[in-house]
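In the two assemblies presented below, subunit A is common to both, partnered first by subunit B and then by subunit C.
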Partner chain A sequence: MSSLNWTTDFLNQLNSTEFSIVPAFLPGDKTALWQIESTRWQQFSQYAIEQKLRWAAGWAEHAETVFIVNACFEKEGIYVLLRTRVNAGKPELPSQATVYPAANRSERHTQDMFGINFTGHPDNRRWTRHQAWPQHSYPLRKNYPVQGEPPAITPPDMDYPFVKSYGEGVYEIPVGPVHAGIIEPGHFRFQAVGELILNLEERLGYVHKGIEKIAEGRTPESLARLAGRVSGDTTVGHCWAACMAMEQAAGIEIPPRAALIRGILAEGERIANHLGDMGAICNDVAFIFAQMQFSRLRELWLRTNATIFGHRLLMDTIVPGGVACDLSEASCALIKQDVVRLRKELSELMPAIDLNSSLEDRLYTAGYLSPEIAEAFGTLGYVGLSSGQDFDVRRDAAYPPYDQVTFKVALEDQCDIASRFWVRYKQINAALKLIEQFIAQLKDGVNLNESQTLQAEWQTPQADSEGLGIVEGWRGEITAYIRFDAGNKIARYYPRDPSILNWPALEKLTLNNIVPDFPVCNKSLNGSYSGNDL
Partner chain B sequence: MNWLIAIFQTMLFVLLSPLLAGWIKWCKCYLQNRKAPSLLQPYRDLLKLTHKQPVVSEQASWLFVTAPYIIFSATVLAASVVPLIAVNLPTSASADVIVMVGFFAFARFFLALAGLDIGTAFGGMGSSREMTISSLAEPAMLMAIFTLTMTASTTNLSGAIAHVLNDGMVLRPSFVFALFALILVAIAETGRVPVDNPATHLELTMIHEAMILEYSGRHLALIEWASQLKLMLYGVLITNIFFPWGIAEDFTGKALGYGLLAIMGKLALLAVFLAVAETLVAKMRLFRVQEYLSFAYLLGLLGMLSHIILEASR
Partner chain C sequence: MLRLFKKIITTGVVTEECKAPKDDELEKLGIQVKRHIDKQFSGSIAIRQVDAGSCNGCELEIHALNNPYYDIERFGIHFVASPRHADVLLVTGPVSRHMQTALLRTYEATPNPKWVVAVGDCAACGGEFGVSYASCGAVANVIPVDVVIAGCPPTPLALMKGLLGLINK
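Now for the complex of A and B:
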């Protein structure tokens, strides 16, 4: 690990004050691991925000008499994992959410799952664990049964204390959790006066599946399958992140050919989802022509996926140590053909969309997310990229195969829905180029070798070995933390979907918009409910 | 005999309106590269809805249940005023265009009340938006229609159409303005893109659909049918006032047959224009609708001015 980065200076600065951090690294030497006392938890975050560190993820773990609490920070593509131990008898930790708004919901999730009390937290209402759960049952504690303790009849989630507003002509609009379209469940509570939105509050958690709990005790193969189901539209992204974490823990390197195929899969997923999103944005302003075209293009793309990889959404194509399926010469030709066709079709479609003034009128300036707020909430992916957050894991913390290629990170600077629409288009173009580069490398020299393996041999990791997988999914940076138990079993799996950081931005970007513009604002952000609720 | 034809014409209105809705849908699907449902699909949908048991909220009052019948009847009565295949029918003689607008307003009044009645946020939101739009659309519509009636010196639709027929092909600037004003109003009043999106599932963006969100079964069928009827009514108004040729002036079978063919052809063509327009534009922001309808009003006003300046002096 190079010592010529900000971590050294920052560590010196911290250790010159009250901290005494012994620098360590996670397996793979990529991520620094700093352990501090629990009382200094919040203090650290104050130093961190001065140094402009980005809060990236937070999770906890139950280990007999203590809770191990982690928070992941990032700056300039270098990640630091901050860790502390909290006594399980009196689990209390000063909240970082007062300093980092991005940590807010994550801490509430930890509070709900473990019963850790974050002192000074600005909003300690329940989040994931709805009111229907008994008062003191914390699902991620070791003594809680995997199958849960479901009552015969689940009581309704009645008394969530939503933010209230009063005044002449102010009214509330409850929307969801069951929506008219075929989308995931989530509740939105609006306070509006006339058509103007005064406040929006999200209430998520309706698709809580207990992913973290059921991950415990799995084998690596089984966990990879589970990771592919954290959010159905990001199956490649989550599966890759989880596999990367497991590979770090086990100390294995994936074969170059497997890395290239993973790259092709991930870019393919990005393209399909962006096409779907761009169509959906147009549909929400009743520009149905464009939606139909994008749906058609997406469908064609997915069918090629099914032909080549055997699954439209590419589920279970990535396995620990490599990939499950190879790309034949014929498959490469088919993908290349698809790339050319998609590019040609988009070059015909996009001018028609660009020149449509009625569409422009709806998308420009609507749903403005200021760079300051985007930074405060640590927004990722197309949401961050269109609000001045120039960060892409593929470039800034490159991992194979992205370390061998060059590409341009798409950026837009208008901070509105149109920016989030066009940044997706730019990402599609970049992804198409990446796929072409990967395929070219697949064919190069050694890679054509028959003996080239697709899967590195799995080595049982030692007990307690851990890994942090960080990849750029189509929504943005995905992190996955994994710690192994003895006997090749998973002890802890925590996936952090980019939606967890992007959802709060929606509450902000809808302010001062009008109620009928909310659906398109929401679609421009398109957070995953499943990835958020876990 | 005349009364029989009048009743027959109103029946035709009621029976053909789902066909027009199906045809518009067919055109839109074609333009969007989709496979269209059968032209008869709206009939099947209506039939299906009548077989379903309506689900009525516990909070609903008698008004909610009665409103669909009132809305449907009022729209049918409005239809009876408008000459479809023949002019000089007794129904059109008994009521004029202001009565027709009144029937629309009557139906809308009950629709908005029904939206408020069940007390959901969406219903109230829809009613509020509908009333905002109609308060702007109605003056624009009356302005356009007054321009026509000033030319014909009558507010009777049948008389106005007959007047246009007798004058033959004369290009009147006032009519051009009035035609465009009426088209803009028609789009707003029938809830089409870019003012409202009849196909959306997004509750928060709805106007007309938000008010009828709680309706089901035969109640929904009646309201759907009434809005299809309203769409056809506006189509007939536009085509028959501005392009009346082909409409039957006597009541022989041949003339009536030609009248029917003519109006179906004209409506089919108008639907194509509507479908093209709906495909080309996105729905406008809700707060733009007032500018849009003010523009319609302005066109109507210009029509009237050009009538007074250019045409009335002669």
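Now for the complex of A and C:
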């Protein structure tokens, strides 16, 4: 790894003060690993924010007498994994959330799951825990049984201390967990005056399924299946990130042909989801024409998935070491045909939508998310890209097959719902081009070397080996951390869906909008509940 | 506006184009559904979908039932916003413990006679998530289930078939 980047200067700066960091790398040499004393945890984050590092992810692990706590930072496409150890007897760590708002909920999650006390945390209410387990037991500690000791009927989480507001004319609207539409469950608490939203508080955690706990002890194949179900709409993204982490830990490289097929799968998933979202955004402002058109295009796209990959949503197509299915000449032709058709359809559809004043009226200026807030929360994907956060893993920390191609990262600058709509459209166009490039390379490969394999042979990783997979899912950067036990078994899996960082931005971008515009504000961000709650 | 109308006209009615062998099957299925619904529910059936802990994959396919290809409403099957308006609860996911009470209350709020359809492998048997400190597993572990539609997730066609199974009971 070249040392000619900001990490060298930053490391020198830190080591000239109270720190003494010996730089190392995670397997695969992509991510730097810096270990520090726990007492300096928060201090580090102060230096980091001065250097404009982005806080990307945080998680912990239980290792007998200590907890290993990790925080992942990124700048200019270079990742640093910060690590410390805290005594399991008195697990305490100065909070980074005081410096990075992005770390807020993640630390609360770690607090609930491990019982680590983040001192000075601005909001240490419970987050992931409702009433399925008692306050002083912690499911991700190794001695906590998978089955736990749940009551026959888990009571509702009645006494959660929501933010209150007082004053004449202020009223509250509680919404959920069961919503009116066909969507995932969660609770939103609005405070409003007249139609205006004064405050919105999200209460998530309803679909917490214990993914991190039930990952322990799995084989790589079984973990890949689970990763593909962290968030059903991002099955390719999460599965890829988890497999990448496992492959790093095992020290194997996937065949180039498998990388190309993964790229085609990931771009296909991006397109399908954006088509669905664009229709849904229009639907939420009662513009049914667009909803019908987009859902029609989405359906056509999914049918081709089923024909070629055997699954409409592409589940279980990525496996540790490569991919589960090849693309024949005929399949490539079919995909290319679909690409051409979709492009043509969109070229007719988008002008019809663009010139529609009733749509403009509802989407422009609504749901404004300032670049400052977007940066503070580390928002990702189309949410970040519409509010000045110019980052895309595929370009900035390229991994195969994206290191072989060039493409333009879509940007919009109005920070509103319309921007988040148009960024999706631009991302579809970029994805279509990428698919064409990948198919072209796939064909070259066929001609050059007929016997290209689809799956690298798996090597059992040594006990304790670890990996950090980072990919650009359709919602933005996904990180997946894996540590192996002996015997090819997973010791720790932590997937960080982009929604974890995007959800808090919804609380901000709905402010000063009217209550009836909340659904469209929400849809423009479209966070995953399942990916957040784990 | 002209472009919009042009697109509508050139797109045509895709629902009618479902005449390929596969979609023929769908037409037939739908018509059967409709006949039974006519008989037992005076022409329409109201479904309240409840995500009790799914990964959202099942929801995506339930959504697809409303796209112009399947257009399930033409058979008298429609989705409603409140359990109080529903004949059928369409429940997905392993029931997360945090959703257990919410699901029970939704069930209570649905007037009799009511039916419960468990959608997806998770709802059928716990799927990839099973039973744990955080998950109750199958929907049947929490409320009585009338019909199970397997699949991860079930395709829209499988969902239509499953609903037919319910109405045939």
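Here is the rule we go by: the second predicted complex is superposed on the first by the 528 of 534 C-alpha atoms of A that agree within 3 Å, B and C clash if a C-alpha of one lies under 4 Å from a C-alpha of the other, contacts with A are read in each partner's own complex, and residues count from 1 in each chain.
One rule holds for everything that comes next: a contact is a pair of C-beta atoms (placed from the backbone, for glycine too) under 8 Å apart; a residue touches a chain by one contact, two chains touch by 3 or more.
None of the values given here were measured: they were computed from a predicted structure.
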Contacts of A:E477 with subunit B and subunit C, given as first, second, both or neither: neither
Contacts of A:N356 with subunit B and subunit C, given as first, second, both or neither: both
Partner with the higher number of touched subunit A residues, subunit C or subunit B: C
Partner chain in contact with A:Q293 - subunit B first, subunit C second, else both or neither: both
Partner chain in contact with A:D277 - subunit B first, subunit C second, else both or neither: neither
Touching partner for A:D338 - first (subunit B), second (subunit C), both, neither: neither
Partner chain(s) touched by A:G181 [first = subunit B, second = subunit C, both, neither]: both
First (subunit B), second (subunit C), both or neither touched by A:E74: neither
Partner chain(s) touched by A:E195 [first = subunit B, second = subunit C, both, neither]: first
Contact residues common to both interfaces of subunit A (with subunit B and with subunit C): 180-181, 289, 292-293, 296, 356
Contact set on subunit C toward subunit A in their complex: 1, 3-4, 6-8, 10-11, 14, 49-64, 66-69, 79, 81-83, 93-94, 96-102, 104, 106, 127-135, 152-153, 155
Touch list for subunit B against partner subunit A, complex: 28, 31-34, 121-122, 124-125, 193-194, 197, 199-205, 279-288
Subunit A - residues contacting subunit B, complex: 171-175, 179-181, 195, 282, 284-289, 292-293, 296, 356, 358-359, 361-362, 366, 514-519
Subunit A - residues contacting subunit C, complex: 130-133, 139, 144-150, 153-157, 177-178, 180-185, 205-211, 213-214, 225-226, 229-233, 235, 276, 289, 292-293, 295-296, 298-299, 302, 306, 312-313, 315, 348-349, 351-353, 355-356, 528-530, 533
